[in-house]
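What follows is chain A paired twice: with chain B in the first complex and chain C in the second.
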Partner chain A sequence: MSIEEQYRTRAKELLSGGAVKMVIGYSKGSNASRRRPLFISSPDDVDRLVLDDACIQNLSGYLVSEGLLSDEKRVAVFLRPEGIRAINILAAESQLDAEQIVVFGFDVIGNEVQALKVIHVEEFSDVINSIKERAPEAAEEELFERIEKMSPKERFSFWQEEFSKCIKCYACRQACPMCYCRRCIVDSNQPQWVNTSSHTLGNFEWNIVRAFHLSGRCVECGNCDRACPVNIPLRLINHRMAEEVLGAFDHFAGTSKTQEPVLASFKKDDSETFIL
Partner chain B sequence: MTKILFRDKLDKCVKQWKSDGLTVIGPVQRANISTYAAVDHAAEFDFDLVLPDRSIKDLFFPQSEPMLRYTIKKESINTDECLPPSGPRIIFGARPCDASGMAIDDPLFGWDYKDEYWFQRRNESVIVTIACTKADDFCMCTSLKMAPDSSKGSDILLRPLAGNNGWQVEELTDRGREAFKTISDLLQESADTAASLAVVEKKFDLDACVAWLQNPENFESRFWKEISMRCIGCASCTYLCPTCHCFDIQDEGDTYTGIRRKNWDSCSFALFTMHTSGHNPRSTQSARWRQRIMHKFNYFPGKFSVNSCSGCGRCSRQCPVDMGITETLQEISTLSL
Partner chain C sequence: MSETFEPEIIAFVCTYCTYAGADLAGTSRLKYAPNVRIIRLPCTGRISPMFILKALQKGADGVLISGCHPGDCHFTHGNYHARRRWMVFRALLDFIGIPPERVKYSWISAAEGVKFAEFINTVTEDIRKLGPFEQYTQLIEQTQAPASL
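And then the complex of A and B:
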């Protein structure tokens, strides 16, 4: 039985028995290469679920949709390891109760879909640690290396050109499971803390604010990068920040649901004499 | 015999237009995105694109526009109005869906207050449209009763030659004729035939959809919640749309000096309709998506007798969660049977 069939069967069991109220997975999209998020609450609909190497969107952000988990019922969700890390962070930041989440884990190695045969978030620590080991290679791409070699001035103009394309559609924010604020700082308009204009200053303000808010929290699922309609290589910023945090604090985001947020916790014996 | 502009003459045309004082704009690939931008040479154009990622709207209704600068002193308040940068321009190589998008928005920007920012740019621009010989999975002009060679909103319509070495020229407006007068020596009469047009499959029955949307019973239909469940509430669809035109006015600066700007805004955002009291009449994403569809296919045509959609398909093409107008109207087509 293929993983897709196994997961359909399991979804059917869970929904018919009332063990979960909803399964969040993928269905066919508008053309052969696209998949789209699918929400099913009836066992009759499980045949619409699709699982293949085109299922790349991290679906964990839907779990913090307003009201979804407030009835304390369980929800099942298709997640790759990055999605599972995101659940850990959301749990650590008190945004959800990991007990309510049933995981349909999978990973795509090459073109092949592999099942991750565990159900609860805490059982994935081996998987997550293995990702931590391979993390440094994850963003090895020509562009990343080219930017690393630039002088600060060149790097600034590179990002200036990239950010000049930003249209402030906030697709990066909306696609990101970590951007769950009910009211984002840029939407706080009494007073308007951050310019809404997408001129140079406004675009820098937005993209830098987001990069800092994601430092030590981003799981590099790539949702923002894929969502960006103007092709700003956001993955590179987030990868750079993740490297910094890993190097400075040995912090790999999302290893457990009790992991302390690296930039929001302190110890008395920290070497710094100040808190930012 | 038809009037033909051969490709190898285009660079000379660009030079001529520039010496006539026109800014020459067209489809280009820059910094990993395709858009309409000013060029110096014809070689910069990219005519192989199905259509640019960014729409032509940006050239008439920029995402951020300064309106006035202000300084407030003890005894006086000074304001300096900012008008759009003026100067004639020619947009060479627009797609029919983009050009018609501008014509769709003309009545909106002129019905009560005549928006001088919009109309100054409209009056100073010549739009030279190239009919489409290619389409992708998301093109849907035919579903909107338009075609790959619609001339709506264009001053000149060019039909690519079968040999891909030039275009048949059809002059549509005085403004177009004026701009092509100075390059008339570069045009030739020839019997070259036009390439066949792109085949754009019809994806939904527009009349049936409109009838369904106009039925007040369907305003509270369960359909809206189901179709928009995966909508993440970004503004990718509205900001890439050639006809979406909503904006917000913001003052940037401090109590003493600053600038008033007109910035794009989107009905996808929760903040769009948030009242000062905190009440939001469109408090859910499904209400916001319904508004976008109703506006385009019910309210806008009710007021201006034209749908606020030109069928470019950018909303579906770029949607991070594979939604869009096409899918929604396809679903409505089946509901209205």
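And then the complex of A and C:
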């Protein structure tokens, strides 16, 4: 029995037994290579669930939708390892109770979909640690290295070019499971920290703020990158930040639901070589 | 160059240490570069990266941040939190192409008036050597927007 069928059967069991009130998974998308998030609450709909190597979106962001978990019922969700890390971070930041989440874990290695057998978030620590060991590589390794080698001036020009395309649609924010603030800093206008019009300066500021707020929290699922309508390589910035917190503070985001957020904690002997 | 470039530098300082240090420098009649505009804050932990971006957005050529030595924080650990934040923020600025040399950090206590004066002088000199932050100034000009703050 394929993993898809196994998970369909399990979803059916959970829904008809009332163990979960909803299953969040994937269904067919607008064309053969796309998958669309699917929200089902009736056992009759489980046949619409699809699971294959095109299921790339991180669905964990839907769990913090307002009111979804407030009735303390359980919700099942299809997650890749990055999604499971995202759940850990959301739990660590008190945005949800990990007990309420039933995980349909899977990973895609090559083109092969593999099941991650367990169902509770805390049982995935081995999987997550093995990813940490592997040290995830930037999606576009080559470009990342090229940027690293540039002089500050060239780097500025590179990002100037990229950010000039930004239209401030905030799709990156919308797609990100970590951007759950009710009121984002760019929406506040007293004071107006970030320029609202989409000129390049405002775009610089927005993208810097976005990346900063995600540093030490980003799981590099790539939702922002894929959501960007003008294809700004946002993932590279996030990757640089993840690399920094791993190197400087040995912090790998989302290893457990009790992990302290990296920028809300400190060690007395943190590095301070840059301070005069 | 006939005229030397006078950089505009914004300093965000903690009221319990560096601001008192600046006061000491003043009462000791120490002379230091007049390019720095000091903004006093309750703690280095209060210094949001947004402040740094805002200073640059308003045309600062350099930003300077200073507070209590580790262990001396009035609020016991505000500066430890700030230190982590800067570490990450520095890396981010560097990756985006804003030279980290334009944003300087230091610990200056209330007793270090001399260190304060020297620090201001060296930073001003360093930023003068770097010259105006032209790439950013160009972006500011493009916006053609009056200051929003």
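Keep this in mind: the second predicted complex is superposed on the first by the 259 of 276 C-alpha atoms of A that agree within 3 Å, B and C clash if a C-alpha of one lies under 4 Å from a C-alpha of the other, contacts with A are read in each partner's own complex, and residues count from 1 in each chain.
In the analysis below, a residue touches a chain if its C-beta (ideal position, glycine included) is under 8 Å from a C-beta of that chain, and two chains touch if they have at least 3 such contacts.
On a predicted model such as this, the values are computed, not experimentally measured, just so you know.
By the touch criterion stated above, A:Ser30 is placed in contact with chain B alone, chain C being left untouched. Ranked by how many residues of chain A each touches, chain B and chain C are led by C. With both structures placed on the common chain, the touch criterion links A:Pro229 to chain B but leaves chain C unconnected. When both complexes are overlaid on chain A, the residue A:Asn195 reaches chain B and chain C alike. With both structures placed on the common chain, the touch criterion links A:Glu205 to chain C but leaves chain B unconnected. In the superposition on chain A, contact is made by A:Glu154 with chain C only, not with chain B. Contacts of A:Ala175 after superposition on the shared chain: chain B is touched, whereas chain C is not.
Overlap of the chain B and chain C interfaces on chain A: residues 192, 195, 197, 199, 202.
The residues of chain C lying in touch with chain A in their complex are 49-50, 53-54, 57, 70-71, 77, 80-81, 83-100, 104-107, 119, 135-136, 139-140, 142-143, 145, 148-149.
If you check the complex, the residues on chain A that touch chain B are 29-31, 34-39, 57, 61-62, 161-162, 165, 167-171, 173-175, 187, 189, 192, 195-199, 202, 223, 226-227, 229-231, 233. Residues of chain B touching chain A in their complex: 31-33, 53-54, 63-64, 137-138, 229-230, 232-236, 238-240, 248, 250, 252, 261, 263-264, 266, 269-271, 316, 318, 320-324, 326-327. Considering their complex, residues 147, 150, 152-160, 185, 191-193, 195, 197, 199-202, 204-205, 207-209, 211-212, 215-216, 237, 240-241, 244-245, 248-249, 262-268, 270-272, 274-276 of chain A touch chain C.
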